[in-house]
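Presented sequentially are two complexes of chain A, the first with chain B as partner and the second with chain C.
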Partner chain A sequence: MTADRLQTYGPTAALLALAAVFAVLSPQFRTLGNLQNLLDAGAVLAVVTIGATYVLLLGCIDLSAAGVMGACALAVSLLVANSRTALDLGPLGVLLVVALGAAFGCLSGALSVGLKVPSFMTTLGVSAIGLGVATVLFAGVQPAVSDPWLLQWASGRWLGFTRVTYLAAAVVVLAWLVQRHTRLGRYATAIGGGEDILRLSGIQVGRYKVGAFTVAGACYGLAAAMVTAQLGSGIVQAGAGLSFAAITAAVVGGTQLAGGRGGIAHSMVGVLILTVLANGLVLIGVSPYVQRAVQGVIVVVAVGATLWPLRHRLEVVK
Partner chain B sequence: MIEVSGLRKAYPGVVALDGVSLQIRPHEVVGLAGENGAGKSTLLKALVGLVRPDSGTIRIRGREVRLRGVAQAATEGIGMVFQEQSLVPNLTAAENILLGCEGSAVRLGLYRWRRLRELAQAQLDKIGSRVDPMARTETLSFAERQMVEIAKVLAIEERTRAQPVVLLDEPTSVLEAEEIETLFGQIERLRKHASVVFVSHRLDEVLQVSDRVYVLRGGQVAGEVDPATAGAAGLHRMMIGAEATGSHYHDDLHRPPERSSVRLSVRGLCGEGFTDISFDLIRGEVVAVAGVHGSGREELCRALFGARAVTAGQVLIDGEAVSLTGPRRAVRAGLGYVPSERKVEGVVSAMSVADNMTLPYTRPQDVEEWIGRLRIKTPDRRTPIGSLSGGNQQKVVLARWLLTGSLRVLLLDHPTRGLDVGAKSEVYRLIRELAAAGVAVLLLADSLEECIALSDRVLVMKEGRVTVTLDTPPGAKPDPVDVVKEMV
Partner chain C sequence: MTTFRATLALLTTGTLLLTACGGTGSGSGATTAAQAPGGACKPEEVKLIGQVRNQTNPYEAAWLQGGDEFAKKVSLTQQRLTYDGESAKQQEQIRQVLATGNVRCSVLNVLPNGDSDTTPIVKQAQAAGAYVVTQWNKPADLKPADYDKWIAHITYDGKESGKQIAHALITAIGGNGGIVALQGILDTAAAKDRFAGLQAALAEHPEVTLLDQQTADFDRAKALTLTKTLLTKHGDAIKGIWAANDDMALGALQALEAAGKSGKVAVVGIDAVPDAIKAVSGGTMTATVSSDGPWQGGIGLAMGYCAATGQLDVSTIPTRAFFAKQFLITKDNAAQFATPKVDPAEFECANLFKRATGPIS
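Here is the complex of A and B:
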């Protein structure tokens, strides 16, 4: 029970402590402007982490964000008004790209379920496919986005926050509701808790697994559109490093790699921890080279702490 | 209700069901008794579609059916409470009860929690349980979870117009006496709207709750018993059959242990699952530890091998203290361990016979000799062990410890689990020979019969403590029923 409590409230306490420390050390950290920067900076990671969380709940892992986002970033920049193609699909282009992401996710899930290959490998493969597609679409010339509607996502502000941040917040709420109150969300959690039990109950587990991967892919597609809006052009590296960051955020927040524990709320606390950490370290003047190392240390400590009560002597860890 | 005839199912090396025929009538509690490996579990699994029989028929309400899975069995009104509980720990009790058949509680993929709660509550009310349907399952006590499990099985009533059949596979094995009484009350209640098949290794329980008892032996129905007239002893004889003679256990190889020299001495050992355990094993003695699931005997066995942490106490081998900090130290001190999960912990199935046998050592030259001495049936030493039969695999695991030449204490955790009769007898012979050579053996037997027949003494464990020690020398074996009384 104490271990359970630790997992639920530990990350939140850590977030508050971290924020308090930075607030004391840096006057700049305490400003409203910084809060706006902070949330704007965390928006893309939040959406990617939502996707990763759905897959983690199953007890699977999704490393495809980098590749899927690369392909989707290129696709969206070529579908809306841009410097290279004559297309000007606007919002429809964004929708198509979310669908493209979902298709990639569906592929990851279907390969993993159908071929019984660990998701670790199928998603790495799909990531490589995505990067390949992105490179082909890139074709040596970077497409600059000229669609004012999409560019407004990152530049237009309301109450100081960009549209990207509001969009991310809406996706968080929606994802949380889906996880708590829909069959897909509940079964994804249940699969992580005891997949064999669901099979014994006659549930077609594979279908819900593919569903969760598809949701994850759609999230990556949307995140790619958000990044493209922020950068103003489509680049292959749109999602570079985000797979790792998203899984880190989820796990630091208390979503377990073994599946079935945690969820959107936990993962979002993890996103805030990582974002506050990155922001705070910059403001107190830590070199960017050291920052990554500090993040790595925090991840190992956080995961070690959550798994500490569960370990035993003959456990085989791979 | 259900009529099974001529059901047969063979696995490589073992015939699990060999022409089983039986009937289950409406409002009846049918008991199934039998040793481990008699085919009880396979029969139940065939009835819920988890095992597809090779031949034979299952007729449900007069209609022949071929069950292809749990879902189909449920629509036919057959549900099973599994030996290991089958509830998803991180879902609510209500979700577990309605798992896979939420019906009107889920509309267009959206959960209607109030409806879900009502439907689950209706199932819980049927068995008079006061469990909160919205409680997360892992926060419930074991007995409460068992109630949820039964409520879940009863939910199949709504999916079929006819009366359900509820299969209970060893539902009492982990329950306290009080909880067992509650469960029996529930079975009586169930009888009003269902037929029940009850499986337990505790014969007195089977006799208490059943209207009729089928005894299974070696995959066949050995007989049908009326609990009103038969006693546990008679039932037990029928379960064992003619095999239970001294020769099956190689009584002729038994040597009385040398009373004077203590091999293993355990002093006040405490750890998770067991408390203050003290006993001695003398040279050449086979001591069996009896106890139900949860008695702490598995934990004790693993702790002695250093595979689980010990919080207090001391272990001496031939008078020298052994450090229990890990399996490596234990092996150096002359301990050997045969784990119960042969496929997972006993052998590395992709490796060869020779590699498996010499896992802890680097002396491959003796392998041929031991293959011959233990009569291990293998084409050669390079054969992957996974292709051998279970009995031969187990002999390789035993040989692993014999090869050292310095084996002093052998810990056997269910050494004959899943082996057929002939292979069991071979393993018994080996144990006898080892004991005769001066090795002290601690045995967690696969069946009570084996526990008593093979041992010189039996330690009975209950709730983590050794409660009774019984002498079981050849020729003066206690009645199994008396041992069971001490266990529960």
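Here is the complex of A and C:
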């Protein structure tokens, strides 16, 4: 097996192995109900990870999910029917919030491209701005969502799967198509592979970079609407910890931090690995006191094993 | 290499400075007390400062609201400080307020970020001569009695509240059956004490079994996912869910609703956040416990105000590190907690310690 193939199929093999072990150890794990639960639990992380992946492909890091999602969660809960404002925009509210997320993403991208500031700094800054906006919108009173359409995202089911699951699946397919068949997607990978070469070929690299950050922001906006539907209220901490979870998922799945390698499909395998791990460890009854450590060990082993044959080729590790 | 050396040098200097500050801290504190016994301030000279982590959760927002109401009662305003859960930022803010204005008439009502953050806060306040009241977190061996400016430390008996809601839960499920527990961040005192309370209650009721206990880190979204997994694992065997705070209880409620089990499984939490009180009065949640945030926000300022204006002699207070009364909220009394409000009479200088239920052991 060549190294390239291993990088592509290694994480998938790890996912299957994990699922097989859990299925043997826990009868509940192999039920249809748990599959529905798993995909529902992974839906938000999947959408956030798609956003993070576009940025990772460029070789940049996006840490803005926590703030952008906080602002968007508050915004969406105030725009649809809720306990605090008289607004009832329904689907338009969600669209506006996706646009708000995109605007935050565009800001991150423009700042890092325009000012040539490392992306993790600008995105951390934008995250802080987002949390500030969220705090102002929060104003001491948690808005509770009463819009049945939005709440149905989490509670309504088609064929046993929640609507949030279908939504995430649709975003995954769309993102994969964009990555494979549009200039934005192809250039993102190419920029991560060798930005200087693309620049010399006369391609306006900056524009595509800002585009990728904007797509990421839009993903965070949608993810915020999904969390808000699940939790039933607008919460400032809606995206807490999700930036790192998304980057972990992407890297575990085979998308590289250095950029240029991996993609949506890889990252989604990573999301499934993390989700299956969290679910399976509870189902087989691992004590909560050691669960996090066990999770960490398995992730490190999985990534290590996947990258082992590649270690000579990847001379630079940042 | 040069940068490394410079960093090292800076670090060393910093440590030395810190040690020096600590040393002078306790020394000058003693002289302050000798020069100016309490009561040197005119009421209008008093500066009221309330410091909490952030204003993005209803509990801390209500805390600051309570501080504002006390300030209004004495015709002053409260300076609101929030430090976003960052210890370094909290210390910096404390340094700032202690470096400006008439420090001896300053009153700080502080929610320290963690146990270890309390030590530098009270030492600095003591050294500067400002009155300080801390709440929730302090190291066990640090005692207000050893300081004359640290008026009091107020906290709540987590074991008691964990037990109270456990009893409410056990009653709600009819005294037998299976329950699951959602723990908080495992290495915090709050999570440990509350869970110990649950275990104490379970020991009295052997017919109730704890099917599972997992942590959701006090987080609503994590509790949602975790509860769904636990429902898959144990199914209808789960009659009740014990959560170490209301955020997790509300996450569990959403999971039950998504599973079509809303109202069929009893849920309890702690903190009395507005959404939880609403759920309790609506019947989807069984009980929660209130520490009364607005009272916490007002009482620390009231203690400091009374001490600074000479109406309270700090040395005569019998217990200065105490548990305060907490309230079990069930459907019967949920209405009266629905809108958090303060009773100004509780902030009178004679009534400041009425809610103490006992010294911190």
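Basically, the second predicted complex is superposed on the first by the 294 of 318 C-alpha atoms of A that agree within 3 Å, B and C clash if a C-alpha of one lies under 4 Å from a C-alpha of the other, contacts with A are read in each partner's own complex, and residues count from 1 in each chain.
Here is the rule we use: a residue touches a chain if its C-beta (ideal position, glycine included) is under 8 Å from a C-beta of that chain, and two chains touch if they have at least 3 such contacts.
In this text the structure is predicted, and so the values were computed from the model without any measurement.
Partners chain B and chain C fit side by side in the overlay (superposition on chain A). With both structures placed on the common chain, the touch criterion links A:V282 to chain C but leaves chain B unconnected. Using the contact criterion defined above for the overlaid structures, shared-chain residue A:H181 touches chain B, although it does not reach chain C. Once the two complexes are laid over each other on the shared chain, residue contacts for A:Q230 go to chain C alone; chain B is not touched. Annotation for chain A, partner touching more residues between chain B and chain C: C. By the touch criterion defined above, A:I203 reaches chain B but does not reach chain C.
Looking at the shared chain after the overlay, A:G193 reaches chain B, while chain C stays out of its contact range. Residue contacts after overlaying the shared chain place A:N37 against chain C, while chain B stays out of touching range. By the touch criterion defined above, A:G260 reaches chain B but does not reach chain C.
With chain A as the corner point and C-alpha centres for all three chains, the angle toward chain B and chain C works out to 120 degrees, nearest 10. Closest contact between chain B and chain C, by C-alpha atoms in the overlaid model: 8 Å. Under the contact criterion defined above, no residue of chain A touches both chain B in one complex and chain C in the other.
Those residues of chain A lying in contact with chain B across their complex are 181-184, 186, 189-190, 192-194, 197-203, 260-261, 312-314. Looking at the complex, you find that chain B touches chain A at residues 50, 69-72, 74, 82, 86-91, 95, 99-100, 102, 106, 109-111, 113, 302, 306-309, 326-327.
Contacts from chain C toward chain A in the complex involve residues 54-58, 61-62, 65, 183, 186, 212-215, 219-221, 224-226, 228-233, 250-251, 254, 257-258, 273-275, 278.
If you check the complex, the residues on chain A that touch chain C are 26, 28, 31, 33-34, 37, 40-41, 44, 131, 134-135, 138, 140-142, 144, 154-155, 162, 227, 230-233, 235-238, 240, 278-279, 282-283, 285, 288-289, 291.
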